[in-house]
Amino acid sequence: MTFILETRQLCKQFGGVHALRPFDFKISPGEIRALIGPNGAGKTTFLNLLSGIYTPTDGDILFKGQQITKIKPHVVTRLGVGRTFQTVKPFGKLSVLENVMLGYDCRAEKGIFHILIKSSSAKQEEEETKEKARKALGFVGMLDKQNMIITSLPYGQQRLVDLARALVHDPDLLLLDEPAAGMTRQEGSDLVACIRRIRDLGITVLLVEHNMRLVMDVSDRITVLDFGYLIAEGIPEEIRSNPKVIEAYLGKKTNDAIN
Amino acid sequence: MQQLTQLIVNGLTMGCIYALIALGFVLIYRTVGVINFAQGELVMLAAYFGVTAISIGLSLIWAYVFVIAAMAIFGYLFQWMIYYPLRGKPFITIIISTIGVSIILQNLARIIWGPAPLMFPSFFSLKPLNIGGVLVQPQNIFVFVVTVVLFSLVYLLLSKTMIGHKMQAVAQDPETAKLMGIKVDQVVAGVFVLNSILAGAAGLLLAPIFLVTLDMGSSVLMKSFSASIIGGFGSVPGAIVGGLFLGVVEILGARYISSHFKDGIAFVVLLLVLLIIPKGLFGERVNERS
Amino acid sequence: MHKKILIAALILGMVLTACGPAVQEQTTQEIPTEQPTQLAATESTQATTEPTQAATVPDTIKIGFVAPLTTANALMGWSMQQGAQLAAQEINDAGGINGVPLELIIEDNSNTADVAVNAINRVLSENPVALILGSTSAQTLAMEPIILENTLPTIIMGSSPSLTDQGNPWVFATRADDGFAATAAVKFAVEDLGAKKVGIFHAAEEFGTSVAPIIISALAEYGLEPAAVVSAPSTDKDYSAQLLELQAADVDVILVWVLPAPGILLARQMKQLGMDTPVVANPVFGLSQVLVLMTPEELAGIYSMTDCVPSQSTDEKILAFVQAYKDRTGTTPDLFGALSYDSVKLFADVITQVGTDLAAIQAGLFAVTGWPGVCHNYSFDAKGRGGYDISTVDISTGTLKVVGTVSK
Amino acid sequence: MGRYGRYIPWIILGCTILLFPLRTSNYYLQIACLAGIYIILIIGYDFILGWAGLLSLSHAAFYGIGAYTSALLSVNFSIPFWVTLPAAAIVAGLFGLVVGFPTLRLRGHYLALGTLAFGEIVVLVLMRWRAVTRGVDGVTGIVPASFGLFVFDNNKSYYYLLIFFILILAIFARRIHQSRFGRALIAIRTAEVTAEVSGIDTNRIKLLAFILSAVYAGIAGSLYAYLFRYISPETFGLHQSITILTMLLIGGGGSIGGSVLGAILLSFLPEWLRFLKDYYLLLYGVGIVLMMAFMPDGVIGLAKKIISKIKFRLPLRRNV
């Protein structure tokens, strides 16, 4: 097993629209990989395919050498894939800590009867979940906000909580969908540090991002998609100077300029 | 064979009735994403308005006009007093409110018109026509014709006119519709008025067949729901196909399986459709709002 | 979280205190009338034979009345309420019961068992000495344990045999049970109409469904089996499937047990399907509100088994009742108006004789023999059933023509 | 408030509830008992509507299944109360599993109508399957509930029995609400996809909520059968499901307090309105419409709003 994640001829169509053309993708363990491309390039579709939200039209996904092509999202998560979302939908009725605990609940084993009788093992499990969640919150630097209602936090901080939720169950692969969106410059650079620390834990990171400064700063390798096609892949320096990439961005006159 | 034909003819008549009542809440559902539990009571109210119109000496034609006008006003008031204050609230809140309205209308009608069944005349004699051995009521043919006409009109209105497109836009996404310059409130009010008029038409058509009773609308409401789901919820052609299908299946089931389970047939068919083809026969689905 | 519960607690407290004053009001109202009934209740448990007048004379004598005044059976409940109120008015105009005015405590049961039980408890909190129930069997059965517990003499107008088969000595029925009516209907169908192939059409609700087996066993007495048995829920509007099944079975008489609106639709749809099979029905076609809605064609060939037809009577007292009822309501009294009127008058008579002691009223009712009411001459048997007359009426002419009577 | 100050309203409330039967007539006691049964029903229904955010209209059917299980076991086999009650819970729960499994794939109005159809079919079976359910006549002769030598044969004792069950079931419900299941339900309701990607088996959790609500309904049904000692199919029809739905919405979904308030308020409201005679149901309908217009989040929601208006500090923190 040389690759933690591998896709073979993975494609997705919605009706007649090709959201993702047959796509071969490989990512090595411990890598930080960025997936970039203009709007509508198929990046989020790709993440949704990986995390099981969409079923591919064709092709295979292998995670740690295991087929996960038609597996439901929660199983994919349990196998060790963490995921954050482009637009955070925090669970508003829950506190920050509970939002994160939710990510670890899939590791819980004690059934409903333990909870009804408040058995000591259930209590212990709940404590363990809380401990894990606090640790994850501490990791993203949000431990002091643990008892707040999540919707009362600024957007950038909500994203960090979402990140903690995706990390709490000790994934091997973390999918980040535009983690820096809505963040201040300071928060963004904190995030870069955070992503590096995540990699240092031995977690492979795949991120989709529009903020090129962040992408160039943090990633080991970059993959570029356009209209569902793979147009380039390589280390940041190569991508920066790749004419196809420049054309894809500037030709489209999108707001995101490469700097 | 002759009996089978007779059964199918009668089943189609009931089917028209299910479809007519279904049409109204398909409209409401499409536009504001809410099931109107007071739909049956609107039908009943129209019939009682009709009785009153006749009793104050109006001719049948003018009674029809009176009822349609009264229902249009009522539809506007309904929208203004019940829906408008709750717009934007979860659909379930509005559903409860329509349940409240149905209780109000049931009891109001009982207090005003009394609990006894009443009569409402028809344009036609009660003598059945014999068409190749099959007996058909002139009123039933009338119901069939009016149903088809109303369905066609509503279908054309929705798919071919500007108003229809506005309604579609409101149904899809009221916020965007507002940004596009559509006066959402007016469109919604219009839909409620139209719905009320359709319920009024249903009431006027059913009254001579069913008598005017307090339960005349509510007793077929659930079947109409089922019909619209079977046809594909939110779809206008689906409502009529679902209604006719249900009417025929129900009558054949009652005749050839057992009349003792007649009421269950609609619900068994509904469950089967939901589980096998959840989109209904006409898989036109409006996005769920919650 | 605690705050949330605290808020809930406060509101709950408010709700409970809101019902607090109502309770207080209740108890203060109860005080003057409570004593005699309590006295009566203790006496009744001791089963005293000599009826004693209560020590203090109450302001009013209260009779409870629970009927479906709203929802599905509101028509029946309305007739009952009119009849009962007419009787009460007549009694009070004539000076009350031994000089004490009669008061009816009228409550609606919403046609459901839960509300019926609430209604009877509401009535009981006013300490009535008797109770009249105009409820369907399911509701009556739900109330019977409470009647037994409170030893309250109760007159019901239900005809389901199960109502008087519960072994409850406080329940009296002013109508023959369905067994009696069904037998009479079968007798008429077979003997008078010469039926060979009988079809049965009954309402899918409790009152129709429970009659079907009784009709079938009555037919068996004549060595007949029903050619077809069909049913329809009262909310159903189209009976062609059922009627065509009867037609296919080639029946020569249809026995029908349905509610008013379905009865009219049934008669109409038969004619629309070209069926002129004679129909022998439950009292539904004896109701004046039903007759006025039917055309002469629809009326043809329909017979109804009814307890009584006050408007066709020659008895002056009964005609006076018919007139008074007409003056009051604008309609001819039907079976339920008459039964309800009789129930109030009967209670009043018994209370006049034996006083307000509950056990004495019970004994008084059992002792009734041939009490002449506007609907029946009442004598109660051991089960508490009275009023064993059934008339067959021919409605072809638009009026109720009695063509035969069966008595026990 | 002193250290124990916050317990004062609780003590007052507890005393009011416990002493209520001693101060009231049998009439109010009966309504209170029925309200108690509704409380259990609605706490259960809250799992599916308030917590999972799914509109189901078959709750009355599970209530009926519970009532019939208990009643038939009691009448046919003379099985005592403390066996028939869990039996009712189990049978209703099994039906919840069987019904929930296929229907929970449906969403929104479709789920509502699918469950509605199931509910209507149950009532029809109760009415027509005479040999087992005794058909439309209903089941009479249910022996009173008893525990040891103590027989709960009057409303007063039954009231306390109900309080016992309400307490137990409310505590259970609260434990579930605050456990990972509660979190999962909230997550599913707010953002189903995020919940799924967080590792929550949403189908399983929804099914669990459905079964739990059916179990609560089964217990409520059993308690209903022993309160009235007579049951008939008509009690468990669609109108009952709608009553339950209305109670929860009026009380305010998502909280036990809301369930309790809704059940109590709508049990007493029509009875309070009885003095209006002919107009009472009319006014009841008006009441429902007004309540929905002025407190769309239920009594609980309104109370919170009022309290926040008078500058009470709203609980920004949620104690875990």
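Note that the chains are named A, B, C and D in the order they appear, and that numbering of residues resets to 1 at the start of each chain.
Following the convention adopted for this analysis, contacts are C-beta pairs under 8 Å (C-beta built on N, C-alpha and C of every residue); 3 or more make two chains touch, one makes a residue touch a chain.
Computed from a prediction, not measured in an experiment: that's the story for all the values here.
Trainee: Give the fewest steps needed to get from subunit A to subunit C, where each step moves from one chain to a chain it touches.
Mentor: Graph distance in the chain contact network comes out at 2.
Trainee: Can you name the chain whose C-alpha mean lies closest to the mean of all the C-alpha atoms?
Mentor: D
Trainee: So, comparing C-alpha centroids, which chain is the farthest one from subunit D?
Mentor: Between subunit D and the rest, the longest centre separation is with A.
Trainee: List the centre-to-centre spacing of subunit A and subunit B in whole Å, with centres computed as mean CA coordinates.
Mentor: Chain centres of subunit A and subunit B, defined by C-alpha means, are spaced 49 Å apart.
Trainee: Let me have the rounded angstrom distance from the C-alpha centre of subunit C over to the C-alpha centre of subunit D, please.
Mentor: That pair's centroid distance is 34 Å.
Trainee: Averaging only over C-alpha atoms, locate the centres of subunit B and subunit C and give their separation in whole Å.
Mentor: That gives a centre separation of 36 Å.
Trainee: Can you check how far apart subunit A and subunit D are, centre to centre, with Cα atoms defining each centre and the answer in Å?
Mentor: So the centre of subunit A lies 41 Å away from the centre of subunit D.
Trainee: Touching two or more other chains, which residues of subunit C qualify?
Mentor: Counting only residues that touch two or more other chains, subunit C contributes 70, 204.
Trainee: Which positions in subunit D touch two or more other chains at once?
Mentor: Counting only residues that touch two or more other chains, subunit D contributes 278, 281, 318-319.
Trainee: If you look at subunit A, which of its residues touch at least two other chains?
Mentor: If we look for residues of subunit A contacting two or more partner chains, we find none.
Trainee: Make each chain a node and each touching pair an edge, then name the shape: line, ring, star, complete, other.
Mentor: Here the contact pattern is something else, fitting no line, ring, star or complete shape.
Trainee: If two chains touch, include that pair; go through all of them.
Mentor: A-D, B-C, B-D, C-D
Trainee: Touching residues of subunit D toward subunit C in the complex: what are they?
Mentor: 6, 9-10, 12-13, 16-17, 20, 23-28, 30-31, 34, 127, 135-138, 140, 154, 228-232, 234-235, 239, 255-258, 260-261, 264-265, 268, 270-272, 274, 277-278, 280-281, 299-300, 303-304, 307, 314-315, 318-319
Trainee: What residues on subunit D touch subunit B, complex-wise?
Mentor: Per the stated touch rule, the residues are 49, 53, 55, 102-103, 105-110, 112-114, 116-118, 120-121, 124, 128, 238, 242, 245-246, 249-250, 278-279, 281-282, 284-289, 292-293, 296.
Trainee: Can you tell me which positions in subunit B touch subunit C when the two form their complex?
Mentor: It is residues 3, 6-7, 10, 13-14, 17, 106-107, 110, 114-119, 126, 128, 135, 137, 209-211, 213-216, 219-220, 250-252, 254-255, 259-260, 262-263 of subunit B that touch subunit C.
Trainee: Which residues, counting only subunit D, touch subunit A once they are in their complex?
Mentor: Listed in rising order, the residues of subunit D that touch subunit A are 172, 175-176, 179-181, 183-184, 186-187, 190-191, 193-202, 208, 212, 254, 316-320.
Trainee: Where on subunit C is subunit B touching in the complex?
Mentor: My answer: residues 70-72, 74-75, 77-78, 204, 230-233, 235-238, 240-242, 244-245, 247-248, 260-261, 264-265, 268, 271-274, 289-290, 293, 295, 297.
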